[in-house]
Amino acid sequence: MIAAIREAVAERLGSCDGVVALRRRNGGVAPHLFQKGDELAEMELSPRYPLMTVVSRLHKAFPAIRLGVVARGCDERAYVEMAKRNQIDPTRLEIIGFACTAEEAQACYCREPSPKHPVAGTPPAPGPPNPLVAKYDSLPLEERRSFWKKQFSKCIKCYGCRNICPECFCEACAMEDMAWVEPGLLAPPFPTFHLIRAMHMASRCVACRECEHTCPAYIPLTVLYDLMRRDIADLLGYIPGADIEAQQPLSLSLEQAPLKK
Amino acid sequence: MTNSIPELETDSRCILIMGSNTSEGHPLIASRIVKAKERGARVIVIDPRDIQIARLADMYIPFRPGADVAVLNGLMNVIISEGLEDKEFIAARTEAYAEMKAVVEKYTPERVQEISGVPADMLREAARLYARNKPAAIVYAMGITQHTTGVDNVKSIANLAMLTGNLGIAGAGVNPLRGQNNVQGACDMGGLPNVYPGYQAVTSPDAQKKFQDAWGGTADTVVGLTVMEMVNGVGDGTLRALYVMGENPMVADPDLHHARHCLEKAEFLVVQDIFLTETAQLAHVVLPGGAFVEKDGTFTGTDRRVQRVRKVVNPPGNAMADWEITCRLAQRLGAGGFDFASPKEVMEEIARLTPSYGGISYERLEELGFLHWPCPAADHPGTPYLHKGKFSRGQGQFHAVEFKEPAESPDQDYPLTLTTGRLMFHFHTGSMTRRSEKLHQEVPEAYVEIHPDDAARISFKRGQRVRVHSRRGQIELDVRVTKRIKPGVVFIPFHFAEAAANVLTHAAIDPTAKIPEYKVCAVKMETIGVKEAKSQGPS
Amino acid sequence: MEYQNTLTTCIYCGCGCSMYVETIDGRITGVWPDKTNQISGGRLCIKGWNVTGFVGHPDRLKNPLLRKEGKLVEVTWDEALSQVAEKLSGIKRESGADSIGLMTSAKCTNEENYLMNKFARAVLGTNNIDHCARL
Amino acid sequence: MMDAGRHPRIKLMTCSEVVAVSGYMGNYRATIRTKPRYIREDLCVGCLQCIDACVFKKPRFPDEFNMGLGLRKPVYLPFPQATPQVPLIDPENCLQLKTGKCKQGCAEKCERKAVDFEQKEKIQEVQVGTIIVATGFKTVDPHKVPYYGYGKYPNVYTALEAERLVSASGPTEGEVILRDGRKPETVGIIHCVGSRDEKTNRWCSRVCCMYSLKLAHLIREHSGAKIYNFYIDMRTPGKGYEEFYNKLLEEGVQFIRGRVAEVTDWAVKPGEEGKLILRVEDTMIGQVRRIPVDMVVLSTGLESQPDAAKVSALFGLSRSADGFFAEAHPKLRPVETNTDGVFLAGCAQGPRDVPDAVAHAGAAASMAIALLNKGEVTIAPTTAKVVREKCVGCGDCLPVCPYTAISRVEGKAEVNAALCKGCGTCVATCPSGAIEGLHFTDEQLVAQIEGVLT
Amino acid sequence: MSVESGFDPKIVAFMCNWCTYAGADNAGVARMESPHNILAVRVMCSGRVSPEMVIRAFRSGADGVLVMGCHIGDCHYAAGNHRTAKRMPLLRNLLGYVGINPERMELAWVSAGEAPRFVEVTQAFTKKIRNLGPLAQEVTE
């Protein structure tokens, strides 16, 4: 599969000033901007990094360049939401999509383990929904509270979940706003600190699971975000990352985007 | 650390954490412990403060600061009296067990309870938990070492590990968590008055000869001065010059009034740093060094893990990487052997002269990412954990250690015990973290943690500040009232020069290690006027 | 247009987490955790994520300083180094190497600590070298 | 109308409509489309020779002003007092404009060469400080009340048609002559047609009673006919109105209190042949009566203009439940709207008669002028403000503002304080707190929350 | 915990200035009895109430939170309450997911003229919170 992608990238280097992908370097793997003449053999497909954040930073730094990006399903969904919010210029980006493997889809509980038009890889069957979601959703209230309080009490306030999230591109973050969260407390105040992000994820989260993978306290964050994604789909019929034209409903009036129940 | 960090997650069946606020001091090691807990490992936390790591512990044992040896001896007392010790390991690989056993037998749980405040049955349960779940790792940090009885504490920990055969196997060991990114490396590289690189003693003529030949000249075989002695030295004139690189004694040293007094009298003080720290402001010459992203090199982590540091940007203005400054200065003094083109070449010289770093090179690091020393040869894979099969000194030595009171205990005048320590959001004297906007905004200024009972005793009201006095000085601070600390104990982080905890601490030091007793001193507190009522939130 | 990620090790605590420092045209723009590192494994603490926070701070020392009439004044490297060299060699001549003390740093690299130790012992000839490991 | 035409500081733009408006209070830019008149206003002196010289010797096309009762030529003057006194050419019916083949008699006759068939539609932009929307009303379409037989029976007229008949400058020079040429002996005037009625409009149109009385008086005077007025409540609220009503009572106009059920031509009783029969319950005597008349006049009510939706979108106006434009406050600010700088005058805001409309328009004009004279405007202090460094330009706030006060400037959001009403919805929408709600900042509200809870 | 136990709930009520706040005023003027537990925080429009504010109210010790504003279509600013109508259900569910009883938060439209409805809504909500018992300690410690 990687050979096909390297070829696609090489070809895209004709029309693009550079292609954002992963590169093996200094004994590890990191995002990189491949440009003409770079050694494509060094390109890798994993471990994953939110490449769309790199695209966004490059688009802002160089208003004229045209980029390609090697993207999985979740990267493309992240791109859709970021383009909608003017963080990436769709006219200056070409997506070189590839499908995840079946195991990756299972591991990520991913519903759409492939971009819309993958250049390589056959889209596997979608992964099962995260079993934890059903489990914690069915817990009685007290158990749910004690579970989440125990989980959040492990939080060391590293802001990793926000830093790694492609959708968290704000200049100033409400989680650092003294009005909402008293600074410098460990663990950060329950429930303010974590619910701010959960609410923002309602109309933005594309389920790439990076937040959960980067949490040093191993808190099952995406259980909350999956529930929020379910709610916004049920209440407002909106699926983040699905359609670049669809405006996120929370900003619109009831006429423009009615409540479904 | 005798063992490596990943083993905590993969192999340890019990982790005893004593004197380490792991979540704040070593967050990603705490992360491994969180994972280990999920795998079923048992966690015991012994600390005067109910720190965050304690919240996921199976057993949390608060105790009186300074009573570490008593608690450790108490644990060993229970293990021996219930026959849980590893008799085979003791027989085969240790010596002087009898003397230690004789001392330990005096520390019955009841006596330990009286000394340290740890309930007897809790002590018994903890001892059984540690002994019965092998391999068991002991993790500790400055909470153990920064005492006048620091060396005794560490010896007791070693005793406990050897008693239960928890050495030389994966997931076990005696694991000091070194506080700084390269404190292990600095020690390895001979940054100590008593050893050459690789812990080759200065007092050994062979070592002296080795370096004499290698360098064309070296010092005599008399152990040099420690930090504390150097500071006192410039104070009383025995030392005429002091060259400080990347250190800030004006905030880090104990008894800061004394330190300021001495440093101000230094005849010639050179400070090489990246900021004009409190110490640099007193210097005669200040040399602008480079930050870690402005130079190549290696750091050695707490588990003897050597990893590369790579240059990302150029130093600002005319600042220069520290290794270049030292080389230029040496050449200026006419010394040979300092014309290195890059740190890579320096490492090659280190590998030649330091047995434990023998097999370490930039090429290998580029490929493997890291290497654990000792790594004697170029094909050696490195040593994740030490003392496999045999102790480097031959037989593991037990030490008979008696409990000694800390240098200064609370009394009527100064009824509270002050302990100092680290915060998650800051690092050491704060010269870097307080200049990082995202860290500064979390904890912009110093505070003191006090128990509600102590707060009530001085009729403290929300929004008020307090003044903390010790026999050495006083500072004013914000207050955080929390149940997560033992009544009678107060905690102050030492990152804040304007309210330096070390103004209060005393300079009494451990006789052997000469490490000051930051963790225990006696203070008193009084409330002062209300600072503009900050919304403290529902603390 | 230059985009780079350089793998380095954290400057703060002893864990030894490693991360990629991202630069665009030589400007530091972010930090990515190194997912292959055994300790951090794609995770960092708040200090790790903000490890480059202080690098561009205006307080950074940019030139050597020399105390003249009680005030620290910016000077050239040449003047500063020669001042230090003369002073140290003079003190060594008059009162012997042991009247000089050196403090190396747990925040500098192994190579720098080695050179400092070599400078103390080989160039000056004193064992008065320590660092804050014991503080 | 004449005075407005001649006033030096009033620029009258006839045959024109506003197609777009942008900007905000004090800085509006309106785009105006002027349709071609085919006669140059700057040259024509209003001698109207061209009308006579038109190839159509006799008027053949229905005259809109006279509600189609009279006829006109393709080149015509809309109505006698038209301002400016300049005729216009109807492109649908003028041979030259329709087919391009005509002797162009009008053009030759005009010595000043004012006729110009090449005139095109003109679009221009005008900078204005304030806007007064005075788009008026529309009378209810009588077809909405089918049981009154308008359109089915020729002798059923709307009040406006009756108005033209009694007018001296009307098609019949004031003679009340029916469509079939007869002069009516009995006339029935029905009030509240399409008003105070669930099926059409619920509101009272306020003016119909009085103009019905006026028509009753004039028709009686011009034709001597016997007049019946069918009303629910006689509403004579103005100065001298009640006295006029009493005068009519004395003149013998028959007033029957009851809502006419239907108008038919089914003659049942003798003497009803050839007449229109109004069945009505006379609530005064509690009986249903059949009143045969020669002519029926329907006093149709007032409703909002058909294009009110388009116009409200154009000027950012909201509309009240009855479809008229919504005033800022029914009692205290009847001429202002929620969009500062835009005012309402006359029936665009709701039904009212001429004196009230004049007073209302005067109020609107004075408010507008007051605003213009001040030069600067004091705005509510509780507006929102964007902290530019914090804004990342995601645009979540843009669609939130009902006053389109937020726009994107160089990639970041910016609030136009003149338009912002301080509702704070954008402040709550912004995920990064980049928009501060002055006087209702997060810090202030949190302080209140903490205050009430301690 | 029923009434006897002396638990007197604290309920933060965000009230929109044009409708609910005026309605509450009218209730007072008309001498109607509404519970003292209602702690009013006036905002210009219910759209000003962000989810963060509701969460912060719980964090600061509220046992219940009411978000009140004009009926849909009555909003003085045309569509401010539309956004409230969408945000609050999402937040309510989220509170439930982390174990805070969603009943502790409610969205209620009360116009200026509905003083009786204001009293009815506040009394019903206070009674419900009284039965649910205090939330304060569970959230902070």
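Each chain carries a letter (A, B, C, D and E) given by its place in the written order, and its residues are counted from 1.
What we mean here is this: a contact is a pair of C-beta atoms (placed from the backbone, for glycine too) under 8 Å apart; a residue touches a chain by one contact, two chains touch by 3 or more.
Computed from a prediction, not measured in an experiment: that's the story for all the values here.
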Legend entry - Of all other chains, the one whose Cα centre sits farthest from subunit A: D
Legend entry - Far-end chain from subunit B, centres as C-alpha averages: D
Legend entry - Chain nearest the overall C-alpha centroid of the shown protein atoms: A
Legend entry - Pair joined by more contacting C-beta pairs (D-E or B-C): B-C
Legend entry - CA centroid of subunit C to CA centroid of subunit D, Å: 81
Legend entry - Inter-chain centre distance, subunit A versus subunit C - centres from mean C-alpha coordinates, in Å: 37
Inset, instruction - Mind checking the centre-to-centre distance between subunit A and subunit B? Centres are C-alpha means, answer in whole Å. - result: 39
Legend entry - Gap in Å, rounded to a whole number, between the CA centres of subunit E and subunit B: 52
Legend entry - For subunit B, residues that touch 2 or more chains besides their own: 27-28, 31, 308, 310, 369, 424-425, 438, 442, 535, 537
Inset, instruction - For subunit A, write out the residues touching at least two other chains, lowest number first. - result: 26-28, 156-159, 174, 177-180, 189, 216, 250-252
Inset, instruction - Return the residues of subunit C touching two or more other chains; collapse runs of consecutive numbers into ranges. - result: 6-7, 18, 36-37, 43-46, 48-49
Inset, instruction - Mind listing the subunit C positions that touch subunit B in their complex? - result: 4, 6-18, 21, 23, 26-28, 36-40, 43-50, 52-57, 59-67, 72, 77, 80-85, 87-89, 91, 94-95, 97-135
Legend entry - subunit B-facing residues of subunit A, complex: 26-28, 153-154, 156-159, 176, 178, 182-187, 189, 216-218
Inset, instruction - Report the residues of subunit E in contact with subunit D in the complex, numbered from low to high. - result: 10, 12, 39-41, 43-45, 47-50, 52-53, 56-57, 60-62, 76-80, 83, 87
Inset, instruction - Give every residue of subunit D touching subunit A within the complex, in rising order. - result: 387, 389-400, 411, 429, 431-434, 442-443, 446
Legend entry - Of subunit E, residues touching subunit A in the complex: 51-52, 55-56, 58-59, 72, 78-79, 82-83, 85-87, 89-91, 93-101, 138-140
